[in-house]
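To keep things simple, chains are lettered A, B and C as they appear, and every chain counts its residues starting from 1.
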Amino acid sequence: MGQFFENNGFLLVTLVQQALLALSLYFPMMAGQLSLASPGFYAIGGYIAAIVGTHDYFAPWRDALGAWIFPLEWLLAALVSALLALAVGIPALRLRGIYLALATIAFVEILRVLSLNLEITGGAIGIFGIPQLFEARFAYMLIFAPLLAATLLFGHRLERSRIGRAFRAIREDELAADAMGVQTTRYKVLAFAIGAVLAGVVGAMSAPFLNTWNARQGTFDASIAYLAYVLIGGSRSVWGPVFGGMLLSALPELLRPLKDSRLIINGLVLVLVSVYLPQGISGACSRLLGFSSKRPSGSGELKEGA
Amino acid sequence: MSSVQLFQNLLNGISIGSVYAIFALGYTLVFSILGIINFAHGAIFTLGAYLTYTLAVGQFGINGLLAGVALPWQLPFALSLLIGAVLSGLVGLLVERLAFRPLRNRGGDPLLALVSSLGVALVLVLVNAIQYLVGAEIYTFPSGVYGDLPPAIVLRISGQPVVIRTVQAIIFLVCLLILAAVGYLVRFTRFGKALRAVAENPATASLLGISVDRFILGTFFLSGFLGGVAGALVGTSFGVAGPYFGVTYGLKGLAVIVLGGLGSIPGAVLGGVVIGLSEAFVPADYGAYKEAVAFAFLFVVLLLRPQGILGRKQLQKV
Amino acid sequence: MSGALEVHGVSRNFGGLMALCDVTFTVKEGEIFGLIGPNGAGKTTLFNVITGLIPPTSGQVRLRGRALTGMQPHRIAAHGVARTFQNVRLFKGLSALENVKVAQHCRTRCGLVSGILGTRSNRAQERRVEGKAREILELIGLGDRADDEAAQLPYGDQRRLEIGRALALEPSVLLLDEPAAGMNASEKRKLTQFIREIAARFKLTVLLIEHHVPLVMDLCDRIAVLNFGELIDVGPPAEVRTNPTVIEAYLGCE
């Protein structure tokens, strides 16, 4: 058993990590916003951890704090992501949905080009030799798994709260929500910031995990992957992205025999699901099994009307 | 900057800018009638490049299923371009038929996330199919592909040489031709009038007796055609740099249409030229940041004037 | 009686089309005020201006002296102006109960942190919100359908739910946009009665757009008539119905 975890530690932790990144997309989506910015915040979080972990300027901090430097990195990543999310979100979220998607695409690309060219981010080579928190890959489960659990709990509570209701109202009909007293811009920005902070923290945790960090960590391709996770897993509940994230990252491994065509299959699956299963697999399952908390009203009622 | 450099930059800028314009037109056509962004456009761009290469050069590299295959034909460039573009247009039709129409028929809120992701998924599929077939290496068009034309024309301005690559001249001419054709199409043909009608108000279009489905197919064909042309032109100009090279252009195309104004045809042209010129004028020292120019534009425009230069402010119906 | 809602010189231009042209009238406190006119006369546009969804090209709207023009819709709602929409705009994917709960958003305060932590004040708030929402659902006759998805409700129930949702906002001014659309005669009678009841019970000032002229004549204390964006008459029903300009504008309507 121990051998299994040792051999597959990297994959297992990656599954959890991808689930978390899918969730970083889910929170803006709760408020009806399609944000493709997660890879950007993920990259920033990772760079923060990488720089604090390797740069000379922070050497005294590292010496003073020892292993506590890592939680500090996560905290810094969270703060920077939150601030950046406000800076980007407040202007961008005044716009209609598609404009936000485009603005986030631009955001990710600009960050990517910057990280390829700035010295502090190591240019095209990136930063390598990032200090490790743990020896074994699987040991990283000790930080990723609790983060996932905490995020799921957060999401679960959020859905049932007043703020969660506001998010969902905005998602259903932003105009009507506004007319009913919900401060739409404020909550859209909040949803966006929650997603950003999550992605940033995951990034900060992932930098030591992956040992090197470069501009390839924050590309448009990644946004597509996260979007696929949420769409396939289902965007209506917190579990959907988790399921989708884990399934789609495990799939290439399981389909190894079909090595070269596995990416084609991934793409095809995404197309088919988008067209035929808009609520994603978990949505389809909950309909099938009748888990939906809302029942359709009695069919005996005739439609009133002239 | 000397006047020679200025001229050279202008040349380069307009050259690449006109390609951006053609490519962006593909986006604009679909957006103006359906209100959605077809994220698969970047894949069709890539496809156009590969198709034209296949027809004009027909020689594959060492990777992929078709490794080492040398095709028995080598068509003249103009013909390859045309056929490649038509095939791209057909792929555009296919994309509409298989992917977008079922979603449209479902009606209601355009399910933005689904539609965009759909397009993106198609990018993945098409792109990976390409990789599977012909590998990921760079394919360049040999210099003799244009027949007997010289590789470049060298002008002299105040004694200094200004190089106009033949391919740039060709790009410019092709683009002019296409823009003229599209302009004519939009202003004077029934199709063009229908396009403008549907762009104004999709609901009334069916009342006017326009077969909306067929009309949408026609638009997707045209959009794919334009994408294919743009891809082929970039391919000859810079080489076909792997199956993902359309992704960046796909994204830049978005910057172009936002700058010019979503849904505006002249806007697409204007946006393309502006971004092309801006990229050309980035000082050599900051060459690496050239790639960020388009996205910086995108970001700034969205913040300051989301409807772009020529777009109209959208009023939401309550 | 003082003016609850003042519309003063409101005009709205849509790229050359004058949807509203210098409309001025005052709705008195506690009145049930009708707004009628042929299709396209600008009635819904006026509602949109009052509730802040679109800005007027010129003119002002005042609520008991406070200018509403220029405020965001959610702030206007918080000041006590609630509305329903011509084409029902419920939160389709939410249950009836949740629809009503959302409208209480600006009357409650617990934020993200207390929501996540589940503090005592948060739990108390949620109980209150739930209780109030159920009360309103009972009032509009949807008590046993609280958990039904709004999109699945029959049309008439949806319209009533929209009114219930607006009531949950604890408004002092209620704007109803064609609440009787699609209803048969007996339903219209019940609706008329209902509006009178809630106006009295919740001390509401009601502004009502309606096409069914008899209903308007029956229910409203005063009526304003719009035609092509212009106000052509304001007054008690008996007066307005005999005004020749009004009759002319309405040729062909019920």
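Keep this in mind: a contact is a pair of C-beta atoms (placed from the backbone, for glycine too) under 8 Å apart; a residue touches a chain by one contact, two chains touch by 3 or more.
No experiment lies behind these values; they were computed from the predicted model shown.
Visitor: Name the chain whose C-alpha centroid is farthest from the C-alpha centroid of chain C.
Guide: Ranked by distance of C-alpha centres from chain C, the top chain is B.
Visitor: If you average all the Cα positions, which chain's own average lands nearest?
Guide: A
Visitor: Centre to centre, by mean C-alpha position, how many angstrom separate chain B and chain C?
Guide: Once rounded, the distance between the two centres reads 48 Å.
Visitor: Per the centroid of Cα atoms for each chain, what is the distance between chain A and chain B, given in Å?
Guide: Taking the mean C-alpha position of each chain, the two centres sit 31 Å apart.
Visitor: In whole angstrom, what separates the CA-based centres of chain A and chain C?
Guide: Their C-alpha centroids are separated by 40 Å.
Visitor: So which bits of chain C are touching at least two other chains?
Guide: 53, 85
Visitor: Of all residues in chain B, which are in touch with two or more distinct other chains?
Guide: Expected reply: 318.
Visitor: Taking each residue of chain A in turn, which ones touch at least two of the other chains?
Guide: If we look for residues of chain A contacting two or more partner chains, we find 175.
Visitor: Could you pull out which chain B residues touch chain A in their complex?
Guide: Residues 37, 99, 102-103, 106, 111-114, 116-118, 120-125, 128-129, 131-132, 247, 251, 254-255, 258, 288-289, 291-292, 295-296, 298-299, 302-303, 306, 314, 316, 318.
Visitor: Of all residues in chain A, which touch chain B in the complex?
Guide: Residues in contact with chain B: 29, 34, 91-92, 95-99, 101-103, 105-107, 109-110, 113-114, 116-117, 175, 220-221, 224, 227-228, 231, 235, 260-261, 263-264, 266-268, 270-271, 274-276, 278.
Visitor: So in the complex, the part of chain A that touches chain C is made up of which residues?
Guide: 154, 157-158, 161-166, 168-169, 171-173, 175-184, 190, 293-297, 301-306
Visitor: In the complex of these two chains, what residues of chain C are touching chain A?
Guide: 51, 53, 72-74, 77-78, 82-83, 85, 89-95, 98, 101-103, 105-108, 110-112, 115-118, 122, 125-126, 129, 145, 147-149, 152-157, 165-166, 169, 182-184, 187
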